[in-house]
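First the structure, which I've put down as structure tokens, then a few questions once you've had a look.
Each chain gets a letter, A, B, C and D, in the order it is written, and its residues are counted from 1.
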Amino acid sequence: MVETKPSLAVKLGKLRLEYPTLMGSGCYGSGQEFAPFANLNKIGAVVLKSVTRLPRLGNPTPRLVHTPAGMLNAIGLQNPGIDWYLDHEVPKYAKLPWRVVGSVAGFSVDDYAYVCERLAARDEIAAVELNISCPNVASEGETFACDPKLTASVVRACRATTDKTLIVKLSPNVTDIAAIALEAEGAGADALAVINTVRGMSIDAETWHPRLGNVTGGLSGPAIRPIAVLAVYEVARVATIPIVGQGGIETTRDALEFFLAGAAAVGIGTANFTDPRIPERIADELRDYLWNRNLASIGEIVGKANVGFANVYEYEGDEG
Amino acid sequence: MVETKPSLAVKLGKLRLEYPTLMGSGCYGSGQEFAPFANLNKIGAVVLKSVTRLPRLGNPTPRLVHTPAGMLNAIGLQNPGIDWYLDHEVPKYAKLPWRVVGSVAGFSVDDYAYVCERLAARDEIAAVELNISCPNVASEGETFACDPKLTASVVRACRATTDKTLIVKLSPNVTDIAAIALEAEGAGADALAVINTVRGMSIDAETWHPRLGNVTGGLSGPAIRPIAVLAVYEVARVATIPIVGQGGIETTRDALEFFLAGAAAVGIGTANFTDPRIPERIADELRDYLWNRNLASIGEIVGKANVGFANVYEYEGDEG
Amino acid sequence: MTTLDLPVRVHATLVTDRRELAPGVVLLGLDAPDVVAATQPGQFVMAIPPSGEAAATALGVYEAEGKRASLLFFVTGNRTRELSELRVGERLDVVGPLGNGFDLSGKPSRVAIVAGGVGIASVLLPAQALVRAGARVQLLYGARTAALLVEAERFNEAGCALALATDDGTTGYHGYVTDLLERLPRVDLILACGPTPMLRAVARIAATLGVRAQLSLEETFACGVGGCWGCVVPIVRTSAQAPRFPPANAGGSDFVNARICKEGPVFWSHELRW
Amino acid sequence: MTTLDLPVRVHATLVTDRRELAPGVVLLGLDAPDVVAATQPGQFVMAIPPSGEAAATALGVYEAEGKRASLLFFVTGNRTRELSELRVGERLDVVGPLGNGFDLSGKPSRVAIVAGGVGIASVLLPAQALVRAGARVQLLYGARTAALLVEAERFNEAGCALALATDDGTTGYHGYVTDLLERLPRVDLILACGPTPMLRAVARIAATLGVRAQLSLEETFACGVGGCWGCVVPIVRTSAQAPRFPPANAGGSDFVNARICKEGPVFWSHELRW
């Protein structure tokens, strides 16, 4: 018998979160934007918009386009650069009652290490996520997450700069995501965020113009959920560090798919654009789900997808 | 002034089709299954279900699961094997008033060449598509389309067996689809089918079982359309042979996205499960679209997406 | 063009009536004379989503009389929700009727029909046909709870004897409907439609009793017309229903994968390789 | 927690009335006293899709009086179609009001309001407020064709003078509504809402006339609350509306990217870097 409320707490490296939900980078500001109508007492942490060494204006508009069961975005890492960020933004986070995780993007190993070190040095920042998988920048942003060696270099360099929890965010736009995950883990990552957006494009049949100013963008939302669940499942089979599963989570049932596939925590991005009450609802319903099944903590379902075919009739399969 | 009806005809290698629409392999049987309620006079061709050297029972059920704006399938290449196929099925295709394109799958270069040769030798078969990208077989089915060298070997071996049009079907589950496309073209492909399904997975939160008997499957339908449009766009920038663009086409507007991205023809698979009248509707509406714009043929819009940013205000962009 | 088995087409129908039989259980009446004219008991249609934004949904033809056919369904997901939101006067396009229904050619005189939950939607037409042909028909009808035992009186009117069962005992026998089948006086034929575990139990009991049974199977469909091989069930190679485009017999196995939508949805239970 | 700018929340409202003003143009009345109480002219709400299956939709608050707020929209895609299918008595949740509306603090005495198409939805509240404050308000209202010039009489009732224009000449001036602006006797202030090309013309004409103009901009939104930076427009660095979390000034450029949903949707035209 479970006597106390089931625990939703999770540890990512040294970072302990009361709730296993992280608001996806770039989708939630610092949380302040959503605080008037979302209950931020019931989230694990907000992952901040990715920041770079130098300021960036980002991509031309349109930066967003709605697609079936999802959306494409190409923000292009608009941000004020690490200097201004540390001086003017980060101090505000000291007063926030929720945890914020910094997110670092860059164009060289040195960029990453530099920004990571400066960001991680700040008390306001609970942990750092390395966005090595942003598909929306003209230069080589995503090649880091597409190349096992580059992934290892970036993670190793950043690891050397901080003891704080280091989450490495992987791209689905690769032939073998598990191989990249192993490199990241080997180079010192404490956790893996799986997945960033899937590369995509949309064209207006009337005007013949791409619907995004940047031509191509990243697909998010329920459309990509099956892709993300599989990525988590494949990474979980090889990695020993915790996974933050994300991509199209809108309901508790969706979140459970990720836990069962092997995620220790989940990310919620695009769903906040549908209804800002979703993260709170998922927190409450996850607790009910565990309670109804007499489970003491969320950890008890992580990776428990039963892939033993028990659901199908006895079957001989193929020989060919 | 255009005086005659705009032409929708397209050539894929030696194969001339009256309509630029191919019914996706595995989705449409041989066309006979759909003939009672679809107008097969207004399609280009039916791509037959992939056939292998030896018979295959396929995967255990469930083989299908509906997902947001799409579906996962894991049929597992159920087919009677090339011997039975040539003896009992192919003869029936002689009487069909629509063109059928054979589809070959395999587990070795030799498999592909053997089946391709025997299939292509038959008059009933108008052309051959090489399915080197099926994600639903336990063994190495998809690794062909994920490896440039293997792709080249398969295509070269099959090319040597026939003069008929050879279409090579590419997988989106790779880091760089354009590189694979170039290999296929270099090895003698006459056309490229872009894309096959995207790998995915879904788990039932009640039972903890994967929703597919095969655990993982291939995602199709509107959910993947932005991914497919981008794949076509990227392949079109490097390949000089025609592309059959596919992935989530449901309306004429969707088909136009693919033509504008660089497809010479389009594939229609999952949309037939929504409404079997869709291919005819697209054929009629494509003709109207060209007529209203005074265009003489579908070829005039292929690859005409205007990526010059003319739709956005003058913009300086980033330096960082 | 090769000759076609059935004169099926896409039919544009209009919703003539709509009732919510229980929470989440909807009965839609359709003005669909062509569907009525062509439907054999046990066949189904593919209902095209009015929004055009999802796969078509397989639904049994519940009633078929005069110009009116009807569909009876449970709201379990997006697609049935969309159908449930149709109002009287709105249009619903359906493909069909499709598939092979119940084989009533053997002139059975005593028949048991076993229906579980929404399985009730596929058994009114065979019940009516059997009663018309002079058979004594016993309906064994089970559901989770009393409120979900919808349309039982409709079968009474049709001339069937009724035995009800609920999982929670709110009405009738407290337990599985298949328990009732075990205790039934001898019948010539069993027809069944419902969840797969129920059908398996029916198959087992039928074998024990030595009575032939026809089961209407369910599986997720994509095409519904035999084009995608997504909906298979293994049946013995010698079955008359073994597909003409035969699935592989790799390794010389004694079964073949038949398509539920094309060779079924109704199969003889002794020919299933369960 | 830091102090918050606005007492916005998610409001559960009920549809009180629904009218189709023209084919594909819908006016939804909502029982929404909290929205009415908080709304400033030119603000918008994010309407949460009842199905939960798409992003929320940005819609201007058209009317706000007593307990009733209303939304006026064109059905252009999935999301507005879903909203258009709401019936009286059904529930619609909205986030807001959001954004910065029109600045009416300058006590203008003669105001021209330029509305193009669905832009009409954002200008009734400022028109009413200006008339109440004693200003003479001239509405210049253009649309593709007469049937789409919905709600013109509503502005008459509100005390505005009206000048209409249609692209096809079916009513009023045959041509662009901005042509009318060029010929207007002098005004103190111009407010405008409509398609971007119209707004650019208004900005150009306002500059020529030497009159200050406020433009309500549109862009595809995701969050609607300033969290995603998806909806930007370049404005001069010195604008009071330059975001507090400033976009980069890489290369020392003279402009910054402001968020339309947060710093706007209304901007002074002379501060836009168009």
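Operating definition for what follows: a residue touches a chain if its C-beta (ideal position, glycine included) is under 8 Å from a C-beta of that chain, and two chains touch if they have at least 3 such contacts.
Because the structure is predicted, anything quoted here is derived from the model rather than measured.
Fewest steps needed to get from subunit A to subunit B, stepping only to touching chains, is 1. Chain centres here are C-alpha means, and the one lying farthest from subunit B is D. Work out the mean CA point of subunit A and of subunit C, and you get 45 Å between them.
Here the spacing of subunit A and subunit D, counted between their Cα centres, is 34 Å. Separating the centre of subunit C from that of subunit D, both taken as means of CA atoms, is a distance of 53 Å. Across the assembly, subunit A contributes residues 54-58, 61-62, 68-69, 81, 222, 313, 315-316, 318-320 that each touch 2 or more other chains.
Along subunit C, residues 53, 78, 248, 250, 253 each make contact with two or more other chains. Chain contact summary for the complex, subunit A toward subunit B: residues 52-62, 67-70, 72, 76, 81, 146, 173-175, 198-203, 205, 207-210, 213, 215-217, 219, 222-227, 229-230, 233, 248, 252-253, 256-257, 260-261, 289, 301, 304-307, 309-313, 315-320.
Of all residues in subunit B, those touching subunit C in their complex are 26-29, 32-37, 49, 54-58, 61-66, 69, 71, 73, 75, 78-81, 84, 88-89, 92, 95-97, 222, 250-251, 270, 272-277. Contact residues on subunit C toward subunit B in their complex (touch as defined above): 1-2, 4, 6-10, 48-49, 52-56, 77-79, 93, 95, 219-233, 245-250, 253, 257, 262.
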